[in-house]
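Below, subunit A partners subunit B and then partners subunit C, in two separate complexes.
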Partner chain A sequence: MFRLLAGRFFASLGTLFFVGLVLFALTRAGPGSPARIVLGADATSQQITQFEHANGLDRPFLEQYAAWLFDVLRGDFGKSFVTGRDVAGEIAGALPVTLSVVLLAFVIAIVVGIGIGSLAALRPGGPFASVTRLGVVLGLSIPAFWLGIVLIRFIAVELRWLPPGGYVPPSSGLIAHLQTIAMPAVSLAVYYIAVLARMTQASLQDALRGDYVRTARAMGLSSPRIVFYALLNALPPVINLAALSFGYMFGWALIIEQVFNIPGLSRALLNAISQRDFLLLQGIVFLFTAIFVLANLGADLVNRVLDPRQRSSA
Partner chain B sequence: MNRLARLARAADWTGWLGAAIVVVMIGAALLAPLVAPYDPVAISIEHRLSAPDAAHWLGTDQAGRDVLSRIIHGARASLAVGIGAVIIGALLGVSAGLFAAYKGGLGDQITMRIVDGVASIPLLVWAIAIVGILGVGPVTIGSLQFPNEVKIVTLVGCLFSPVFARVTYAVARRIVGADYVKARYLQGASHWQIALGEVLPNCLSPIIVQATLLVAIGIVIEASISFVGLGVQPPQPSWGTMLSDARNALYSGEWWLPVFPGIAISVTVIGFNLLGDAVRDLFDPRNEARTLVA
Partner chain C sequence: MSAPLLRIEELRVAFRGTGGLIEAVRGVDFGVAPGEVVGIVGESGSGKSLSMLAVMRLLGATARATGGRVIFDGEDLLAATEARMREIRGRDIAMVFQDPQSSLNPALTIGRQVTDVVRAHRRVSASEARRIAVEALERVGISEAGRRLDAYPHEFSGGMRQRALIAMAIACRPRLLIADEPTTALDVTVQAQIVELIAELRRDLGLAVIFISHNLHLVAEIVDRVVVMYGGKVVEDGPAADIELAARHPYTRLLRACVPSLHGPLGPLAAIEGAPPRLGRMPAGCPFAPRCPQAADACEREMPPLATDGARRIACWRPQ
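Presenting the complex of A and B:
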């Protein structure tokens, strides 16, 4: 088992290495070299050579990538050519903001999604199952950012229950913090509630049809206990999907942060784009990719560890 | 024929509803200049911000442009990106999956590791970053000029391809080893004949299911990227940019500006999702199409 975990982990690191290489190449494919962007259009070629030499930009491409990657592993994302600020510091300032929205959305999605899915699975064909089916289609189809806009309009502007945007860190009051991230987290969570509810429902319905459930019933086990055991057997695919969802949520959080005007990684990324701050852009996108790869790894491991049938097929 | 009869009998009304929505939306996109009541980019200051009425069914925006006409024309960008990306993704992915399953050995290993690599790229972040790096200007290839959306279609297509590669690979692997395929070899069939005549038709149903569901995801991605200003460029109408403009109207009374483009996206996506689910129930009883999450 340990060998399996280690093998998967190193395979993911390898993937990240190559994907990072592609990213590194792409950030250099755009119009304008860093030297031109920093020094302006009328810099002499001597100034440009000097700048590139001073920042190691004249070294071979792979060497630059290796140097950058080693720095990143040590937590040093470099210093921005444009703003002169430390990229790691910039990311460290924005990441907690994004993380708090994503984590709240993740918790909401898991609790509500598994809850709704389980209730719907108990009575297949019942009224709650029908409503769930309809709700799942709606949840999968309504874009999160539009939901956010609608929530701002009705909850914040009309009813004035919550602030329409902005961000208050938890250090300035937990209630105020939750008030600012509640609507963004709910908008982000709805799609994943639908995804997880559908998977839970299908998987639990399947489990409840199993022979051991019939045996347990015949032996007179109480209904809640039977459902509990069936749910344990039904959960692995749900947890797998939840882990995948966690990775995807960061991407959509970028859009949601724009809707609610939250100063998270989204703003940092769009600033990096508009200022052509390649190091910042590279750092942020690499971070997102690392999170995504780890979420995929987690999903894969969950599958293999929780589902004995898949253990052998490593 | 048998299949058609089964389809008519088995598909419940939700599948038909989905199909109807998809047909109407594609029709609207194709015939946009004919069915839209106004020019989608014609500015008319005296009619600005008028509420829905008989002249402008869905009202007008800050520049007096007809919202209904902009939604109808906006369907073009949405569907072009959604469907275009799926076509690119299917072509790339199906070829990769067939190649790997067919070749086996080292070719299989390398191809599927590349597929894994592409699958570990977070789509939305990369799309935003790459369009950001390349800029939102049009793409010129030779004497042809393509709008910014071409970059998004290509990117999203590439990043959709692992879904197709994996589903094709899984089915193709099973079939390549089957006895009837060996028998076809003994009859003297070429590799190409086996790949296209035996293997591909068997992969088709899960591929169609994934394609339909991925169009829905592609549409939301296009709207989202346009919403942050890196997709369709103004004044060209797109559902995402319309919602972005509508943010200015959130605090005033113009409820129709944020409401209708969002309904357009949602209804279209519902259409593709319902259709995809119905197709899955009909053609993919073994459930070889994967559960999609984006």
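Presenting the complex of A and C:
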């Protein structure tokens, strides 16, 4: 098992290496030298050569990449050419904000999605299953940002239950913190609740038709226990999908953060784009990729723990 | 004969088909005495499994018992609540199925699956449940049972899995074991071992057994009585030796000829010509008439009743 896991780990590192390479190439492929962007249009060519030399931009491309990657692996994302600020520091300031929204959305999506999907699987033709089918279509078609706006309108503006936007860090009070991220997290979660509910329903329905379920019933086991045991076999595809969802959520979180005026990675990313601050851009996108790869690695691990056939194979 | 442990009376099972309800079990009627081993034989599709699933009240959402009674120990199971059935299943009547590969939960250890049955029916501590599980596994011939509790199904061979399933079935000492083609998916040598095991359990535990098979010779080795089914009906029923040596229904006689005996010489494999009647298209008369070498006009017109003749019963207008 450890060999398999080690294999998966190195495969993940490989993925990161190549994604980083493509990213590095793309951010450099745009017109104009970064030096020109930083120094302005009227800089002399001597100034530009000097700047490029000072920042290692005149070295061969692969050498630059290798240097950047080694620094990244040590946690150093470089200094922005534009602002002169430390990229890692910039990211470290914004990441916890985005992460708290995404984590809450993820927990909501997992608990509610798997819960609804399981209940719907119990009686395939029943009323709850029909309502779920409708709810899933609805959940898949409502855009998260629109839902966010609707929530602000009704829950914040009309009912005044929650603040319409802004962000309070957990260090300034957990309740206040949760109040600021509740609506963003729910907006973000709805689509993934639908996705996970549908997958859970299909997978569990399938498992419940299994011969071992009939055996368990023939032995007089209670229904909740039988469903739980079937769920153990139904979860792997759900877990894989949840890992993908976790990755995608970071992308959608950027839009949600704009709707709710939350100072997370979206602000940093938009600034990076508009100022052509490509070290920062590169750092954030690389971070997203790393999160995606790690989430999938995590799903693999959980599935291996769930499935004894994989656990015992060397 | 003592009062029967199980009495199936005029049992009917139907499921929803494209053209309304389709009857697949059409009035099955027989009993099982305490400690008796009854074999049910018949070609695939004759309604053997559906009848027994109806007894256990384990028919899926699509099928249901539409008539008759199933009296177990004086109680009509078709009228019992689901909660009551849960008590009975595994404790009084247990059932094992055809495919041991898929009948155990791959995510749980063998020990967990056996102890779960024990704890579903008896208030015992975890360690006591484990002890009972080990005893059950040892009884079905699994060596080093204590160590094997922590094994997963995929670490067991097909024969071992069927043994484990039988251990689950007998762990609470039920009075009736229903085995639905328990050997069909297994190698021939393993088949014989499982048949031998069931005979042994019956001897040691005084268990009544319903053993379903399409192999008449296999069944005849261990059963007291054979019930022959065709087209959702019982067509012949009698002591095993009589049925094996002197079957009177033409269907039973053909069935006997087309399966090789476990011990006898391996002759050419015969098969009964034609196919069983399609569901929903049952002929008005004897369902076997279209394939029967003895069929006469009367056979096509009217279904013969299941008539008693000494220890035997037979539904045929022209018995041999």
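We adopt the following convention: the second predicted complex is superposed on the first by the 297 of 314 C-alpha atoms of A that agree within 3 Å, B and C clash if a C-alpha of one lies under 4 Å from a C-alpha of the other, contacts with A are read in each partner's own complex, and residues count from 1 in each chain.
The working rule: a residue touches a chain if its C-beta (ideal position, glycine included) is under 8 Å from a C-beta of that chain, and two chains touch if they have at least 3 such contacts.
Because the structure is a prediction, the values reported are computed rather than measured.
Legend: residue contacts after superposition of the two complexes on their common chain; A:201 is shown touching neither subunit B nor subunit C.
Comparing subunit C and subunit B on the residues of subunit A they touch gives the larger count to B. Of the two partner chains placed around the shared chain by superposition, subunit B is the only one that A:140 touches, whereas subunit C remains out of contact. Of the two partner chains placed around the shared chain by superposition, neither subunit B nor subunit C is touched by A:180.
In the overlay built on the shared chain, the residue A:281 is in contact with subunit B alone; subunit C does not reach it. In the superposed model, A:18 lies in contact with subunit B only, and not with subunit C.
When both complexes are overlaid on chain A, the residue A:26 reaches subunit B alone and has no touch with subunit C.
After overlaying the two complexes on the shared chain, residue contacts for A:216 are found with subunit C alone; subunit B is out of touch. By the document's definition of touching, of the two partners only subunit C reaches A:225; subunit B does not. With both structures placed on the common chain, the touch criterion links A:306 to subunit C but leaves subunit B unconnected.
Residues of subunit B that touch subunit A in their complex: 14, 116-117, 119-126, 128-130, 132-135, 216, 220, 223-224, 227-228, 230, 243, 246-247, 250-251, 255, 258-259, 261-262, 265-266, 269-270, 273-274, 277, 291, 293-294. For subunit C in complex with subunit A, the touching residues are 56, 58, 61, 86-91, 94-97, 99, 102-109, 116-117, 120-121, 152, 154-155, 165, 168-169.
Put simply, subunit A touches subunit B in their complex at residues 12, 15-16, 18-19, 23, 26-27, 29-31, 137-138, 140-143, 145-146, 149-150, 152-153, 157, 164, 192, 195, 199, 241, 244-245, 247-248, 250-252, 254-255, 258-259, 269-270, 272-273, 278, 281, 284-285, 288-289, 291-293, 296. Chain contact summary for the complex, subunit A toward subunit C: residues 124-125, 210-212, 214-222, 225, 229, 232-233, 306-309, 312.
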